[in-house]
């Protein structure tokens, strides 16, 4: 289980959100509160949008709290839409290719969750990646393959449908292998304009997801950035949230 | 606060002590039990004696739990006297030069503790290092300067006296600066034959130190390697322990 | 293009071969002589056999010349059969999962060469890896996929046949895609007893391979370890060499 | 011997200078042309000014050419005054604390050169650092101590005088120890407005320094960024250059 946050709103220095908070993501890397896994120190990453079409990406294998570069970059990089992620590996190696967020053209994706018994269907999953996308497979994580499948399933045209198709595809493979562990998927995507967040699990334990609306921005992430939950709302399990111009709108992911 | 262990006894693969224990040091790097600081992930290190006069040294900035090299080395390196250390920085950078154990000729040293308000007397401390030793100063930690001062104070001839002189020297500097934070020093030294461990603090809170005698070896370290404390004995605060041929003998460090 | 060496003979400290040579592999990482690529600094690795059934492995992303751990390990690790490799990436990322040698059970493999236009058949190549081996795919290199295909093709039973089948398989894919770049493959394998080296290219430019027989050991590698080539023999292009009890025997890889 | 460049002029993306040049600094890290040391791969660093008072800093121990983060940051960070440095260690460890540029308040400094027989006067040099600056000593390089001495000698008030005083101070220590190796110092400083570059050596071999004036910017650095030297002017040895509003003015450092 990992921790992440995504920001949309007025252009700010990243440090104001990443460091200068009561229960910042950097703090969560050392001591998460809404998870049984409290240490998220198997690498981390940033993705941010600015005037360029493709977002910036920064991945590091050190724990977020001990990377002096991160402190410096967060003091000098400004953005109105950015992602940050601290990783707790569920098995794959600690290297930069396995760090979130993942990028593709103007898209960013990051993820907290896992495909149950991933190792026993990794072969099947990788074979679903179409040839034209295959060189984008740089690491070995389940998160990266989910992202590539969403792209293959039409993310750029209809993200909501692409998410649903991909989860169904994975769930089908899991069933064929009689996998009993859950498919957990609390994630966020962006094309640079909109953020699309999902809180989903095939069982009752979807990884936590909170958001808070401020006057000029919105933050969504695994945990409230304050010790109090006040004004932090839970995204309901099984829901997809679309965030644009820092306004939030959620609906069930799958029709019941 | 860091965590460490030292082993003396029959030659074993390091993995038997470092990994194959109920509450191994690798486990302690993620979740220490006898400390308010539970995560020790700001680098780690190994030192081990074999047939060569100078011990082997291995330092890494990744958390101990995520270094695939450590798993491999621990499976293939055998030793009858070795040190291992997982670091929680009290301020200095996460780089290899700041990782324990520190080596000098045939000596190893590692440390859990700190010089109170170290930054305000670092200048004075470094100036106590004699010229002939100064190029051994590779990092910026208080631990390394303590080691160099012990060497300057005659470690190779009379380790016990060298430890006492050094602690007194530091304590004197702290007094001159009216430093109220404690001088905490739970450490172990070896020349390859004997291990000399100290549990000391200028206040009532000396960092924990336990040992256990087995048939053919002894382990001393910050925490018991089992979840139960059974057969693990505390080294009393203010004591120095000398361990040779896996027999343990402790006495007060300073005469009262 | 990378540089590598393999040693078989009397048990020695690795440093005697890796560092204490006129034109050592560490020197080759900075300044290779028998290659148009002179810098091999995109990570490196060691693999060595000792009493354990599976070999030890050490991979690092720093240049070999600047890793203080390598110096220390080479001073303390002894082996009678070991591999060392300094990498010059042909495109994939500098991370440990992409460093040679690769290990599987008691086998080691390392490689200098490349599959021409690898990126355009990576998808096809990965799909040839059988399901039972797929979780061994940790990185993204062509070298790793070649190793896994050799295992799939019976390496453990008949290494020579497995090598031939694998090269033919790859060559067939390259032909189907009309790839004109060459398939270059100068490599070595071992099961812990025997070393099997191949110098092969589909064109006239097989990467260099030399060996030298000493009284009690043999060294085979990309370059002579001395500035003079004296007593260093070239392995002929298109040949496979089998080395056991430090005796060398080479024959053509494919029947003409 | 290292390689560096400094840019002053219109605000640009760093990539336009760091990557998109015929003989870019990244290229120089692999294959320098104006130096006997051709590989500069013992870490690198960036420093850049933007709206904040203190410059941004980024240090990494990987070779510049293999750091995927550098490519990304250079694509997204814009500046009108920035420094970049690729390091070739003259002895001290490859860690971030030893990477240039060094920062202090609004100042940046980087350096190519060395204090002859530095190890034999490191003790004396560090003792010249005043107490109030001592916690800025994070690594072990001669470059960092030179920077701290310049600050102690009044860099913020009169940089030219501070440089001269510092070089004289060092030269005096070298003489006292009868050091015959040269003091070489090709460096650049900035407070965010002006760049002050020095090309100096106590012998005839000052490390190279070139500059080129463009319509809206100026670049100064160890090597021309093009394969042709056309329009690249040498800074004469023994000179100090002051660059402001992309105009260049040089004079002898010491009166003859």
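Order of writing sets the labels: A, B, C and D. Residues in every chain begin at 1.
By our rule, a contact is a pair of C-beta atoms (placed from the backbone, for glycine too) under 8 Å apart; a residue touches a chain by one contact, two chains touch by 3 or more.
Composition by chain, UniProt nomenclature: A, B, C, D = Class II glutamine amidotransferase.
Computed from a predicted structure; not experimentally measured.
Undergrad: Over half shared or under half: which fits the residue numbers at the contact of copies chain A and chain D, same or different?
TA: On the two sides of the chain D and chain A interface, the residue numbers are mostly the same, over half being shared.
Undergrad: Out of B-D and A-B, which chain pair has the most contact pairs?
TA: By number of C-beta pairs in contact, B-D is the larger.
Undergrad: Could you put a whole-Å number on the gap between the CA centroids of chain A and chain B?
TA: That pair's centroid distance is 39 Å.
Undergrad: Any chance you could list the residues of chain D touching two or more other chains?
TA: If we look for residues of chain D contacting two or more partner chains, we find 68, 93, 96.
Undergrad: Show which residues of chain B lie in contact with chain A when the two form their complex.
TA: 30-31, 39, 41-42, 61-63, 66, 68, 89, 93-94
Undergrad: Residue numbers of chain D touching chain A in their complex, please.
TA: 48, 50, 52, 54, 56-60, 68-69, 72-73, 75-77, 96
Undergrad: Applying the document's contact rule, which stretches of chain A touch chain C when the two form their complex?
TA: It comes out as residues 93, 95-97, 119, 122-124, 126-127, 129, 131, 134-135, 137-140.
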